[in-house]
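These are the structures, in structure tokens.
The same chain A turns up in both complexes below, where it pairs with chain B and then with chain C.
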Partner chain A sequence: MHDKGRITAYQMALMIYPTIYATAVLMVPEITGQYVGRDSWAAPILGSLNGFFTAYVLYKLHKMYPNESLIQYSKHIIGPFLSKILGLSYLFFFLFMCGFILKEYYFFIGISLLPKTPMIAIIGSVVIMASLAITGGVEVLGRASQLFIPIFILPIPIFTIMLLKDFDPKNVLPILEHGLLPVLQGAAAPQAWFSEVFLISMFLPFLKDPEKGLKWSFISVFAVMLSLVSLNLLTIFLFGEMTASYTFPVFKAVRFISLSDFFEHLEAGIITIWILGAYIKITVFYYALVLGNAQWLNLSDFKPIVLPFGLLISLFAIWEFANLQEQFEFSKFIFPFYVPFMLTVLPTILLIIAKIRTRNTMKKEPPRISNY
Partner chain B sequence: MKIFELIGISILVFLILLLEWRKLYPNQKKEKIILVTLTGISLLVAILLLYFPEIPGPTQMISSLFFPLGRMLK
Partner chain C sequence: MFRILKKRPQKQHPIEEMSNRNLPLSTELDKNLQILKSIYKGCIDVIYHPFLIAGKTKALLVYIDGLSDTEQIDSSVLAPLMSKTIDKSINLQETCENIQLSNIRVVKTYDDCIKNISNGNPILLMEHEEQGAALGLAKWDKRSIKEPDSESVIRGPREGFVETLGVNISMLRRKIRSPNLKMIKMNIGSYSDTSIIIAYIEGIANQSLIDEVQNRLQKVEIDSVLESGYIEELIEDNVFSPFPQLLDTERPDVASANLLEGRVVILVDGTPFVLIAPVSFFSFFQAPDDYYQRYLISSVIRIMRLFFMLISVFLPSLYVAVSSFHQEMVPTTLILSMASLRESVPFTALIEAVIMEIVFEALREAGLRLPKQVGAAVSIVGALVIGQAAVQAGLVSPLMVIVVAITGIASFMIPRYSEGIALRLIRFPIMMLAGTMGLYGLALGFIAIVIHLCKLRSFGVPYLSPIAPTIGRDMKDAFIRSPWWMLNTRQHLTGRINKYRQAPNQQPKPKNR
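Up next, the complex of A and B:
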């Protein structure tokens, strides 16, 4: 065990919520809007099915091999050689995702708040903060999310109330005008984000109350689904079919708030709050990368490799996308296949193999004959 | 030639190496090897990106792998 810390299932749920939601709120309303138009509220409901499924598969795997993460127990299932390759592909995935999230973070902060700040300052500051939390271990992560995430969830109902007078609920009618097929296409992007609930695999071994792990993972997936549906509804009520033509429609909606000429320009506030969630998301993926690497190489401690990986993920962030449009195209066409392939399909195959193997070994054992 | 950026990156990598090296015990040989390899890779990527910022990266690799599936959504 590389980390002596212990967290509760509730803290884990608070970590998983921003892990899915923090960047989904930026991209998903726009992407689903392009496919589904005014029915985009239905896409996250379909997409969340994948989240529930992934959480269930990983919890089942965790039940078979408690105290180990996926990178460790894969060697019991598919042998040492294949598991090293699988582990390497997961480490590359985490590295890529860290860069992806950091770049998304940079684009959002750069476009909306700090247009003249160089990229390295925005990315470097958050990486240094994240590396400090990771050096403290999983317990610091849990406590940080317990502190930050309630503040991160709070704005959704508040801003909904502030926007109530501008709502036009008729925008949502007629429901499902073009049938279910566009909704299925629109659900492709949300289901990719929901499969990020995979990260529970890294945290389940650290739980004080592992029997509550599944319940709290389901609760956090459900909470993300509820938030995405309500935000999609909010943007449809405000903009109607126009939603898809805005970058970051949710923040456009917040910019729209104007109450008695006093509450205006609240976007600075909501970006500050959003940074809390994005910080937890970056930290969770970064932690998964560092811990996964220590487990893959059987290191005695993961702390010495935190800072070198910080440098590497910053470089990947600079490398990955040249502009927001490129990243958006990637999230629309490639992301919905790459992420669920790594986070849902491969664990499902592992679970099936593990089930077959345990059943075969049970058959091979000689039947117990009582001596009485 | 971008010589100042090169010196800056080298100092940063060296500082990280020094900072982490001091935390390790003398008997942690494997950790030391991995630490040096990781910082070496980072330095290599940094220099590569400094002189060829347009070089195809991981995004292009994954895009070419999953492109046939991505066409389904177009």
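Up next, the complex of A and C:
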């Protein structure tokens, strides 16, 4: 075991929630809005099905190999050679995802908060902060999310209350005017985000209470679904069909908040709070990358490779997309296929092979006690 | 948690080299006297008093002037022994029977003798005896028990620890009379030989915690321990953190309450400050009053304290960030007045804030060190110069003065000085971050602090418990102080082996309803 820390299933759920939600809140309302229009609230519900499925698959795999992560147990399923290739592809995927998230983070902070600050300052600072947490191990991650996530969730109900007077619930009618097909198209993007629940695979081996792992993963997915639905509804109530034409519509909605002419223009404050969630998301992916690498190379400790990988993900972030539009197009057309392929389809294939293999071995020899 | 032991230089005791300290006492009184005199050469406060027991046996009394009760020596030791009623030559045991004292111990080596003499116990040596008697007559001038200045309360006991270890122990024992209150004694300091007591309650405190505290204390090799701060820095978990990882208190009631939570109290001779371990971040926001006042009021005050803690750390940075990066967040009317007030100020908000905060810290420190009579002058100078003249001269804006004042008051709301000063210190780097990156920098600073606190442990207990990791049961005493009839269980991380503090369902209600 590379990390001696232990976390609870509840802490894991708090880490997974921002892992899906933090960047989904930026992109998903806009993408779904473009397909579905006023029915965009239904897309996350359909998309979350993939989240539940992915969580279930990875939990089943975890049950078969309780003390290992996917990168480690794949060698029991598809043999050492293929598993090394699979592990490497996952590591590259995590590397890409870290860069993707960091770039998204930079675009958002750069556009809305610090337009003149150089890219390297924004990306570098958050990577350094993330590496600080990762050297502390999974326990520190869990504790930090216990502090950050309640603050991170808090704005949703506060928005809703403050914006109540501007709501026009009629915007949502008529429901499903064009049938289910556009909703299915719109669900393509959210389901990709929901497949990021895959990262429970890295955390399940550290659980003190592994039997609650599935329950809390489901709760986490459900909470993200609820948050996305409510935010989509909120933007529809406010903007109607116009939602899709805004970049970051949720944050556009914040501008409408005005209480007694004193609390106005709270975007900067809201973005500051969003940073906490985004930070957890970056840290979780960064941790998965570093830990996965240590497991893939059979290193005894992952701490020495934290900073080198920090440099690498910063470079990936700088290289990946030239502008927001490019990233947006990627999120719309490639992301919904690429990410679920890595995070849902491959684990499902692994699970099927593992099931077949165990069935075959059970036929040949009496069942042996797995390494519990 | 366990640091790698570095190879240390060989233990050296300069006194030990001096000779024959561990030798047994000689039967010849003259030789004993000679050796003691050579050990205490140049110590003019050591008194050697030769006398004859019943006019026959040669005897010697050695003690240090001012550490022993000379009146008692005269009346209870010398008077009965020198009286003529004893008619034969007697041995040590019979002599001791003739002394009117309750506390007499036998000493066999020079080392024993030195320890007892240094502690104020006179040593009685006799001719033809290879043993001596240490008489429990230690008595020196001590400060009387007073209310501690640093932790004053509105309601609660008015006593505080003093500099004498024995008195402090007795104060603890008077609060917790159970024989389960145990103490381990050790001496640290090659020159000072300071007595240190680890107090805990058997059956509540975790044995592994006691072992850990003992282990860490045993590793300490130092020439002297003049205050518990020496010990604190030598046994804490993270030496590079600004945050205190042991709680210091002057109050026996606080120490007792912590003992009952399963914590360990370390008492050091010569200081009224005792150390409590392990503690969490929230321990530093619990004033003793909280548990004596009504719970609702205590809870509100505690929430206020935590809120003002955030203010004391983040308000100046928030001001800097908002006024230099996010002016749009400020309501129009306010930004207009802000702009007009800042018009004459030559500095940027960051420089202004840093200057003012440093000046404020200087004023605070100056007021603290000066005698009380002069201290008032500092505050007048501060109020006039900083508050008024600086604003009129156009050096700082009045808004900045308000921010600094609120920050100052907020930081004084933290009941523990050690935590307050740590939080005041981390304000400066956050101000820099806010001055360079606005609210984004502020968020980064917040993240850095939280991550640091998440990594911190105090004797194995996470510093941010019970919030992170969340322990639901312990929340009742973190942000709020629940009523006593709800505080049924001890803190999970320290008192879990003896979970229940009191009987359940003690909420008072009328009978037969």
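Rule of thumb we're sticking to: the second predicted complex is superposed on the first by the 365 of 372 C-alpha atoms of A that agree within 3 Å, B and C clash if a C-alpha of one lies under 4 Å from a C-alpha of the other, contacts with A are read in each partner's own complex, and residues count from 1 in each chain.
What we mean here is this: a residue touches a chain if its C-beta (ideal position, glycine included) is under 8 Å from a C-beta of that chain, and two chains touch if they have at least 3 such contacts.
Note that the structure is predicted; figures quoted are calculated from it, not measured.
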So, on chain A, is it clash or fit between chain B and chain C?
fit
Between chain B (first) and chain C (second), which does A:S125 come into contact with in this model arrangement: first, second, both, or neither?
second
State whether A:I78 touches chain B only (first), chain C only (second), both chains, or neither.
neither
Tell me the contact category for A:I271 with respect to chain B and chain C: first, second, both or neither.
second
Looking at the overlay, does A:F96 come into contact with chain B only (first), chain C only (second), both, or neither?
first
What is the contact status of A:L184 with respect to chain B (first) and chain C (second): first, second, both, or neither?
neither
Once the structures are superposed on A, label A:I257 by its partner contacts, choosing first (chain B), second (chain C), both or neither.
neither
Would you check which partner chain A:L351 touches, where first means chain B only, second means chain C only, and both and neither mean what they say?
neither
Quick one: is A:I318 in contact with chain B, with chain C, with both, or with neither? Answer first, second, both or neither.
first
Superposed, chain B and chain C have a smallest C-alpha gap in Å of 14
Chain B/chain C common contact set on chain A:
none
Which residues of chain A touch chain B in the complex?
92, 95-96, 99, 185, 188, 297, 299-301, 303-305, 307-309, 311-312, 315-316, 318-321, 326, 330, 332-334, 336-338, 341
Show which residues of chain A lie in contact with chain C when the two form their complex.
8, 10-11, 109, 113-114, 117, 121-122, 125-126, 129, 132-133, 136, 139-140, 142-144, 146-148, 261-262, 264-266, 268-269, 271-272, 275-276, 279
Residue ranges of chain C touching chain A (in the complex, touch as defined)
325-326, 328-329, 331, 437-440, 442-444, 446-448, 450-452, 454-455, 462, 464, 467-470
Complex interface listing, chain B residues touching chain A:
12-13, 16-17, 19-20, 23-24, 28, 30-31, 34-35, 38-39, 41-42, 45-46, 49, 55, 57-59, 62-63, 65-67, 69-71, 73-74
